[in-house]
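Two complexes follow with chain A in common, the first pairing it with chain B and the second with chain C.
Here is the complex of A and B:
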């Protein structure tokens, strides 16, 4: 069941009310990032920061190990009497690889957690839903068990939805 | 943003701020007594003792000036960036920056003991030999460096530093207070036009002040990034002071507090960012010296990496970077007033450790020996500066009550 709202404010308020009334499996769609949208949906804290930390530490450890192996163990060179385990010189590479892997973890982690790219989604069946990428603010509520699509449609209408529609289909 | 998050300042915050009176009197009294003890110690006793006491004073002085001037620069940066959320917590930043006036007076004892601190104030091969300077180095000092490192020019530069800092902090504070009375856009426009123009001046003055006060302890060793290093530490501890003022002045976390965890969260992010910035600058300076391995550059680090100072250097890295960095990664910590306040106080401690590391090994390569003047100088300069800052804070409202951006700033929530 999807419903269109005319302002982002109405969408966020409706989302919060619907969640408080016990509806689950909801999602919001808007042409730009919605202030307060994830709070209204009651989403848990993102796991992306943790992924970034793990990625960053992996990069730092890899760069340190790799440079130690190359410069100290596999092919030690005496340059002007400097120690072969000259670890300060490795810090720039450790830093760079740490940043790189942290950035990759954020980028691919976000794609993975959001299950993107997603070439098909049931809401795409609706012709009116096209407005979500220009000027429409949409809320989708999954109809399950006693929460029939009629009841959801009534609730959304009462909360100020200008248009409601039933879309059928399974998320992949 | 919903209506529930709107915060209206209570009448108490609109009028004159009257908290911290007891602390002000205590800090002032303890500060004056400690300062007197420290100053007397610099002129009484053996030559070695007087020199050691002068080092105590230099460390304490450089420590508190860095906080005041870095805060002033941060304030100018916020005006330059036209940041709106800062409006809610701008007043504490302004009063900390205005403490440069007190510090200008507190610089006088330092100027009386230059001979006890700086080798470049001395002349003649025999006298310089007492400072461990050989004939070649003495020639270098005399012919290459005396054009800059001489007392008259030193005092000219001091006048420029204090003049610039007092002028900038005076104008920014004056306009802000004037706005409290008159309101409107006039004063905020003045601040925003003035601040970007003075940023280069502030950056140059703090850089050269770092050269003059600290780097010239070792005139034969130079590092162009030294000023940035001093500024980075100052900004880090300046943000820590700002956080402590914010938490205590506005009672963040209590119901009805005008300033919320969201503002504190932003300040905590700055604390994290500048912890990393300090480490980045410190390492940049070290890496170039390590890679080049030149005889005139290496001693600064070979003393600090030698057996006497190596444990202290490692402790500095752990205390000043590793521990606060990983603590501050936590989002929850930055949003808890008590927790972030504790970390801010800890940062202030770590920054003094950095001052010890920066100053003492130059003259005392044999290792760390703390003396009582280290404490009294720190408390003396700090106590008087704190008393002055609180006095300025109590001169008016703790919020810029008629700033047009204040309502929006008070509604600020983390995106």
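Here is the complex of A and C:
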């Protein structure tokens, strides 16, 4: 069940009310991030920063280990008797690889957490839903058991939805 | 809080001289106007520019083929001037890229609202500038097909790269810089590609944009992770701005050559990089905002802010020049004094003074508010800064090399037609890639502009509320 609202405030308020009334499996769709939208849905803390930290530390550790092994142990080059374990010279690449792997973790981590790429989703069945990325503010509520689509439609209408529609399809 | 009226007037706040968005636009209008460059077929001027760029790319291809077949001997390089146009172009292009990252990442972290209309153009510029930059060291290898020797891979010779060399650092810095810039650009693009998909009229366009946006549907979960990730990537890109040109400057600073061996190089190069990049942003932005009909989102406020930044970074560069020459004199080193004397009075002195004119004197125009808002002056000044930054690198790299410590090894330098072909050809290729890209992807971030419009509305509603309560108090 999807419903369109005309302003972002109406959508956020409606989301909060619906959640308080015990509806689950909800999601909002908007052309830009909504102020207070994730709080209204009660989303848990994003795991993206954790992934970034793990990626960054992996990069730094990998760069340190590889450079030490390659230039000190496996193929030591004696340049004018300078120490072969000259770790300060490895800092630039440690930094760069740390940034690189952190960036990869953020990018692929956030795609994974958002379950993208996802070429098909039931909401795309609705032609009117095309406004979700341009100027519409949508709320989706899964109809299940006693929470029939008629009841959801009534609730959404009462909360100010300008348009409601049923879309059918498999989740994921 | 009161709901904002749909057509609120821009409040006359004393600190806000120029509006960030001209007029008030609904979400649907913004979608339409910002997708205009993508929706419309290119006009005659567009195709004329594409043809011009293609001609330049032809010259470029000939130069590349000659370089690969003949070798570096086709260039004007000699001994001792072993580094010339190849490295000058590399440093120039990579420096240009830095302003894009500054605008997209540092200004995002500093919550500068004006970045959001111009960050896509600046990031696109960064991507292609880094691509152009990366080509030159590869060509300079003479045998570009062995470029992978720089990467650590288990070879049958059982050797490994020397990680104490600035050249391996360079390779790591540039590949990381390009990758992170690309991810940042693409991540910011996802919601806009979804807008382009949903606003597309032909099914074929819809299919391609649908594929490119990876099925983005603007879900709260998408936005939630996207926001966190975007901010974190900006945080990562920020030290990259400083580090990449620092590592490039190490190529010079850690050598023994007079004119190169200097500790001021890292900050000097970073400031110069941002300076040249801002100039390139202005060079591209001023025609683009008019042709692509973006004057309502890229306003005089943006031009004004960019000019101020140009003045600030230009002043840092001017200080670095002064400092360099002072330290050369103060060091009392014969070689240092001699090379800086050569810069000022030697055979390449006109190029040095051209650098001073373009990079030190021209930005001083922007102390004047009137000149900051005169688009012709700004555009010409930006072009001059581009020229000035290229000639600065010519003086640092090629002129320093003509005078080494050993006078018997001194030599002159003159570029060949292949050198000029690579320089002008890389500019043409850059222009071509930029032109194609602004026709394919939305050149202004649509979602961010809508968010900005919402914030402007709320600020205005707040102002009105404050004024209403104040007015009520005064009447009593």
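Convention: the second predicted complex is superposed on the first by the 172 of 172 C-alpha atoms of A that agree within 3 Å, B and C clash if a C-alpha of one lies under 4 Å from a C-alpha of the other, contacts with A are read in each partner's own complex, and residues count from 1 in each chain.
Note that in this section a contact is a pair of C-beta atoms (placed from the backbone, for glycine too) under 8 Å apart; a residue touches a chain by one contact, two chains touch by 3 or more.
A quick note: this is a predicted structure, and the numbers were derived from the prediction, not measured.
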| item | value |
| --- | --- |
| Chain B versus chain C as contact partner of A:36, first or second or both or neither | first |
| Which of chain B and chain C A:46 touches, first, second, both or neither | second |
| First, second, both or neither for A:80, with chain B first and chain C second | first |
| Which superposed partner A:116 touches (first chain B, second chain C, both, neither) | second |
| Partner with the higher number of touched chain A residues, chain C or chain B | C |
| Partner chain in contact with A:8 - chain B first, chain C second, else both or neither | second |
| Chain B versus chain C as contact partner of A:96, first or second or both or neither | second |
| Touched partner set for A:130, first chain B, second chain C, both or neither | second |
| Residues of chain A at both interfaces, chain B in one complex, chain C in the other | 49, 86, 89, 92 |
| Interface residues, chain A side, partner chain B - complex | 13, 35-36, 45, 49, 53, 80, 82, 86, 88-89, 91-92 |
| Contact set on chain B toward chain A in their complex | 1-2, 283, 286-287, 290-291, 293, 329, 331, 415 |
| Residue ranges of chain C touching chain A (in the complex, touch as defined) | 3, 26-28, 31, 152, 158-164, 168-169, 172-173, 175-176, 179-180, 183-184, 186-187, 191, 194-195, 197-199, 210-211, 214-229, 232-233, 236, 239-240, 243, 247, 250, 446-448, 450-451, 454 |
| Footprint of chain C on chain A - complex, ascending | 8-9, 27-34, 37-38, 41, 43, 46, 48-49, 52, 66-67, 70-71, 74-75, 77, 79, 86, 89-90, 92-93, 95-97, 99-100, 102-104, 106-107, 109-111, 113-114, 116-121, 123-124, 130-135 |
